[in-house]
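Each in structure tokens, the structures are laid out below.
Below, chain A partners chain B and then partners chain C, in two separate complexes.
Coming up: the complex of A and B.
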């Protein structure tokens, strides 16, 4: 039951985050707190890489939706990348894929994994 | 009472100073249990010790007696910390009782009755992972039509429970079972969107079954797609319907679809407590869930849902992580 969240400012108004581990009812508050540290300025671009997330339940989904709403309120843009097919399914079912910028994991990455 | 403790302690001390045996030491341990039970503070214990020594060894030098006074002073903080701890335990107990009460109120308030229909067999099971259930099921029915809502409030505990009351009152404000699924979702989305905090959302499936035409009409707001079992072809398919979670944005277009049920066909509606089951070896996949359901397809809808719950509980080694809800509509 662990989670890792690393946020990095790579340019002005551009933040990259790398999230790994499990996002469930126990770890979601940690993620929420970490994301709350991001200063949401006008036109901010936040890119969150979820390629190392092995599990996420609906509580985790709630954190991203909450964060998405605050980013939008700040005229910003949120992008989720590196989603496994399992995670992608969660965003598909919930219809969030229609309103959020979501990139599933590349096929290449998948092949890499099996090697 | 302290007088009695003093006497007892003096005896134990006397015995131990004469003979340092395990047994005499053990007496001291037992005694401390009594002290804790009676809320005797650490500094009082030292006072008792000092008083007993005065009786047993009055010849001790003065500086030893003074040292006890210092020790008593030092221990006073510990005594306060102990009192605080006891108050917290009491408070916690009160909270626990209130939670229990709230959970009972929730159950009464949100109770839904599984309707009895002529040509439709309905089975339902909903088991919370914690005291408060984040899953919600509600039936609306008249003589020919039955409406079913299966919802999962994202976010758990008390806020989730309050949120469910909103769904309930939203549904009660509708014109009964014949309201179209997309209308139901639209109405509830507007209620929820206005009143919910930013990180709380609801996924909800709504379907109506018309017994006069055997048609099941449904729409989904970001909910786990139900499974449709066709008896003729002995196969499962997902009932997909696009639509965003409730409470994210105010104007959402929901898709509405319908399907005709033949004899022994059934629809399995569920929450992600069913699809997100995990065993030691990893996720329990959809195929496994389908196989379990299929193995009991000849039983009554209620027996089916109960069997699936117990089977999945077993596979997860009885460690239920999420609320679990399963509803089956089976055409007789």
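Coming up: the complex of A and C.
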């Protein structure tokens, strides 16, 4: 069981991350440490792609909530993309979908009215 | 003949074994004929309970074990997760858990406490016993058709 986290700065104040594998009690701390490496400058935009995440539970939700809070504190924006319907459901039933910017995969893409 | 088959898994109370137990439960649920979605729900609910047990053992620096008992019936599975570490107050914790409602400010978001909420949402029945630690009992029935009755739909 493993997790992969790749972070890339693609432009000034724009960071893209690709996360894959399973996020649980064992791997969530690894993800949290990796995300802590992001320098949270004012107005930063962080896009995290979860398309290769095959499993996640509340430990993963906790990491994303924590990271979301620090991004918001820096006047930034966090976006989660590529979610499978399984993953999206976790954000739905916890109500987090109302708070965070969450984009599911093509099959059920949410229309982003802010664009 | 017993009305169910019983399978017991014992793992060290360490986070790296949560996935081992989860995969075993996934295999057992597959035997009974749960749908893909229900198996995924079971994996999450069981992991939440096991993670709780592991974290309580960790908080106390205990070298304990988590015991996971699975009763396999024709049309349902019962999973019991027991830690023998320190108890958490279920009612008190339960009162704190739940969906995020009306939380515009990110600073109010809670990072913990979601585990129990997910167990209650994803399983059909959940019971918690306090006796020499905490034991969580949870049941899920095999459904012929996919029914979303336990899903709270949050309008977006």
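Operating definition for what follows: the second predicted complex is superposed on the first by the 107 of 115 C-alpha atoms of A that agree within 3 Å, B and C clash if a C-alpha of one lies under 4 Å from a C-alpha of the other, contacts with A are read in each partner's own complex, and residues count from 1 in each chain.
We take it that a contact is a pair of C-beta atoms (placed from the backbone, for glycine too) under 8 Å apart; a residue touches a chain by one contact, two chains touch by 3 or more.
Since the structure is predicted, the reported quantities are computational estimates derived from the model, not experimental observations.
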item	value
Chain B versus chain C as contact partner of A:40, first or second or both or neither	neither
Chain B versus chain C as contact partner of A:74, first or second or both or neither	neither
Which superposed partner A:25 touches (first chain B, second chain C, both, neither)	both
Touching partner for A:66 - first (chain B), second (chain C), both, neither	both
Contacts of A:94 with chain B and chain C, given as first, second, both or neither	both
Dominant toucher of chain A (residue count), chain B or chain C	C
First, second, both or neither for A:58, with chain B first and chain C second	both
Chain B and chain C footprints on chain A, overlapping residues	24-25, 55, 57-59, 61-62, 65-66, 69, 86, 93-96, 98-99
In the complex with chain A, residue positions of chain C that touch it	15-16, 18-19, 22, 37, 40, 43-44, 47-48, 50-51, 54-55, 99-101, 103-104, 106-107, 109-112, 114-115, 117-118, 121, 151-154, 156
Partner chain A, residues of chain B touching it in the complex	152, 154-156, 198-201, 203, 221-225, 242-245, 248-249, 252, 272, 276, 278, 283, 321-322
Of all residues in chain A, those that touch chain B in their complex	24-25, 32, 55, 57-59, 61-63, 65-66, 69-70, 86, 93-96, 98-99
Touch list for chain A against partner chain C, complex	1, 22, 24-26, 55, 57-59, 61-62, 65-66, 68-69, 72-73, 86, 89-90, 92-99, 110
